């Protein structure tokens, strides 16, 4: 078991490809994007099935990698987040198969 | 980077608005709800696409906030969970943009 | 509040039932499966809505349990992962209602 | 019997059986939930519109009012019978018995549609206002069952701010909104006004129903395969005899009502059918401790297949006996 | 007026009102997003094909070119007017005003369809190339609004590699791809070539529209209920008077154009309608700081209901005045 | 040639090309997966029912049995040829070559449908039992390819408890369940019994196909754009010449079979088509180490577009040569 860092980035669905490109550029070897169903932030609630434009939909991007790359990725994401509504959190996790990261 | 707490609440889809209202009441500044596809608990399996009533569907609510509010939220959720089938876990994470929480 | 371990297993949708069976066999009392929308790994990107075969879809399995069972589960999953493309991570979390795990 | 054969060999029922067989053989195929929910909304719109258009052709009479009243009373009363039977003949806990009882007092709109087809196929005529009866029977059973559950000690679970939420779920769930709304729209717009939407809502109806019943078969089969172990033999039996009891009671009521054979057959079917969409959802809110594996397996895995195959021909036959 | 009654009592609008009422009464029902998006694609295919087939019957004339040009100019110009009005009469920030302005310069294809039905119902004729006008009006408003936003200091947000992404979202979004594509296919295949797909794309159209408008009503009502608090009275008012201003300006232009009454009514409707699918998505990419709760509540919660109920009859009446 | 033009200019193919063009131009539009999967189930039901109804009109003859047998043999044998070609002409690993071979032995039902339309459009007649041939050809190729893969050392991967799961996925996947089930239902219910569902399953078929092919075009284009870099030139070439080889071999077999021109064209199309729904899913279970970016890019990104545009006219022409 090896210690890695896990980024969890909650961001607008429309902007997720931008964030993904940043993760790739920062050298992360993989990520997975999960759809959200509903949420609340800044005093506003949203719900996927009540908005056909998808303009308020959010997704959660999970990416696991070693400390250095994650640090790298976070710096880039920080600037992206300047204009977007996302929330990002990082935690330490243990993983199998170190060679994959 | 600032340390925050991350609540992850797995609860019935039909009841998620109740849980969300508690989170809002506890002062959490945001949360995101993810749909689940399938699951297992109490000896029973369920699958989203095999149940048109959605009565067994679960969702995962993720909410990040400071320790105090999370503590506050958890107390409220504990009473809600008395009758519901949810599972809740809390972990420590680091976040960007402290001012948003 | 009690300390438990949280497994997060990212695996092909087609193979998730195999992983679930292993978790059940390892004595985990529950798990929840979340659908993914898109992802990147091994140099390839995928997107759910661009592939009607679902052959590239991934899911995220979250399962919370006590240390011993999680250890047990991980050993089994390690062998499953031999042939599958999954990523697995483990973290420590605090939970309510110890008796449910 | 001829009705039995023509019911069992109609494409609708054959697709249901196909789905059920596939699920029991453990095929992994499934109809995506979002698609099936969309079809369900279509079906309720189509049923409501049809009923509304037909109602617009005839004046509302006292006879219609009596049938509506009979429906409401049945929906209130049947859960009490179901609850007592479950408590005496099975080991189900009070709360599971009450939740299950709610399902059997309420109705299954797909069973209603299947019966409407069978009624038409056997040369009978059914009235448009039976859709209104279906709508009216959705809710009282839930209220009735909650009262049964709350006489126990779980009372706290529906206190406070959640009552509003529960009320909206019970009174404004998708089935009721769409069914009653489409009924009203059909009534307002009338035959002429709905002519342009007829190819979609009338022409496609039977076909969409096939697709939907394929999914229902998959759901029913899967529910049965996963759930039957958690049910005792008494509970399984209940899934078979309760519809017959409900239909029998309704038959008695029909003898006292000025009701046509076709309408009587549909009223019996409504009474005999068990909800598997609206009520399970409401129960999750109102009685979260009740086990879905009990009530869903019973209503969807046992009673629904029983009704659409064997039940409906029985109810039509019974209608010939009690009405005229 | 007769048009008003027949518009308001058509099943399409009644289903819209049903959805809106259900949402305002806080019903939890919803149409799954995946299903609604599928229906939206169907509708755009059907509209495009119909327009293309009709265009294939007539040669392209200079008159058609003039109407297309008028549409493009309106789409460019209206956001400027909307922006100025919002900045002077409301407290919206520059970026929110610009994002909102983009919506009002662009168009709502469902409003267009509802107007087409009303035009037809009132005995007028509309041309196939109005679909091309609709397609052409989708995009210029976005460009115009971005220029307005960027004259402020947010300029950095659309720099660099993101411009390509934004261009593709704006020029190749689903509405434009499907609408323009289907228009071309209808044109190429002609009446004969599309005969086989007619039962689906023509026969089902009105019915699918009912289902879609039920969902639109739910969305609009929910948007309104959640969002109205965040809008000042001036902003709410804008949602009502801006469509009238747009239609009025278009009416003036129509007086100078060789345009039929039916086409004029549609052009006014296009100008008066506000986007709630393509533009919000583009704004999320281009101006992520702008608040969706402002522009979506306005366009979907206020202007869309206004247009499909009261607006369209007004525009048809106005078309009789200015065109012939 | 006339067939080529009428194939290429039919709305179905034009919508496919629209989708492909949009994806290659990097439009972000997409058809939600849940909706597309729902349409796929509809299409398979419609195809199965149609075949079944037609089969119910004619007795089953030895000739039919021979064509079914030919289909099964082809599905078994073609993967061997594909595998050998891939191993000798490309750098693909054994497991990737085997997984790809499975796709080319199995069939694409949408290609089959497109060919059926083209056959009909060129004045030929095809038999209902060709749907049964399609169903029979789905599976043997998978078995054959697994044997090829397992003669290597990956043998362990299909051991133990997973064999049952794999068997169910292969023998009871959605395509087979729905196709064979609907075929049987069409056969049982016959023309009269399915009359009520005809407006949905026959009338809508062409239109739904347009919508589905728009999505297929998007998928194919996106697959091609993302995947072509990971394929060598030899592998890309295989995607073009393998369908021709399969069709050629089938042509030889057709010379020995008592088969009509229309049926021969369809049999060649089935042989030439490559699976992109059922087989990829099965490969993920059976050979998870094989790369989807190889086999999906080939079957969906190259062979499918090739077949529906150029291939089908060639096979129809070839059918005229070998059958009569």
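Note that the chains are named A, B, C, D, E and F in the order they appear, and that numbering of residues resets to 1 at the start of each chain.
Heads up, the rule we're going with is that a contact is a pair of C-beta atoms (placed from the backbone, for glycine too) under 8 Å apart; a residue touches a chain by one contact, two chains touch by 3 or more.
In this text the structure is predicted, and so the values were computed from the model without any measurement.
Engineer: Could you tell me which chains make contact with chain B and chain E both?
Structural biologist: A, D
Engineer: Tell me, which chains sit next to both chain B and chain D?
Structural biologist: Under the touch definition, chain B and chain D have no mutual neighbours whatsoever.
Engineer: Specify, for the interface formed by the sequence copies chain B and chain C, whether it is same or different in terms of residue numbers shared by both sides, with half as the dividing line.
Structural biologist: different
Engineer: Could you grab the centroid distance between chain C and chain D? Build each centroid from C-alpha atoms only and quote it in angstrom.
Structural biologist: 38
Engineer: Once you find the CA centre of chain B and the CA centre of chain F, what distance in Å lies between them?
Structural biologist: 44
Engineer: So which stretches of chain F touch two or more other chains?
Structural biologist: Those would be 30-38, 199, 203-204.
Engineer: On chain A, where are the residues touching two or more other chains?
Structural biologist: 34-35, 45, 91
Engineer: Applying that definition of touch, give me each pair of chains that meets it.
Structural biologist: The set of touching chain pairs is A-B, A-C, A-E, B-C, B-D, C-F, D-E, D-F, E-F.
Engineer: Taking the complex as given, what residues does chain B use to touch chain D?
Structural biologist: Touching chain D from chain B are residues 12, 14-15, 17-18, 21, 44-45, 47-56, 83-85.
Engineer: Help me check something: in the complex, which residues belonging to chain F touch chain E?
Structural biologist: It comes out as residues 9-11, 14-15, 18, 22, 25-36, 38-39, 199, 203-204, 206-208, 210-211, 214.
Engineer: Hey, which residues of chain D end up touching chain E in the complex?
Structural biologist: Going through chain D, the ones touching chain E are 32-35, 37-38, 41-42, 45, 49, 168-169, 172-174, 177-178, 181-182, 184-185, 188-189, 193-194, 196-201, 203-204.
Engineer: Residue numbers of chain C touching chain A in their complex, please.
Structural biologist: By the definition above, chain C touches chain A via 8, 10, 34-42, 45, 58, 60, 74, 77-78, 81, 87-91.
Engineer: Considering the complex alone, what residue numbers of chain A touch chain C?
Structural biologist: Within the complex, chain A touches chain C at residues 1, 4, 6, 16, 20, 23-24, 29-35, 59, 62, 64, 91-97, 100.
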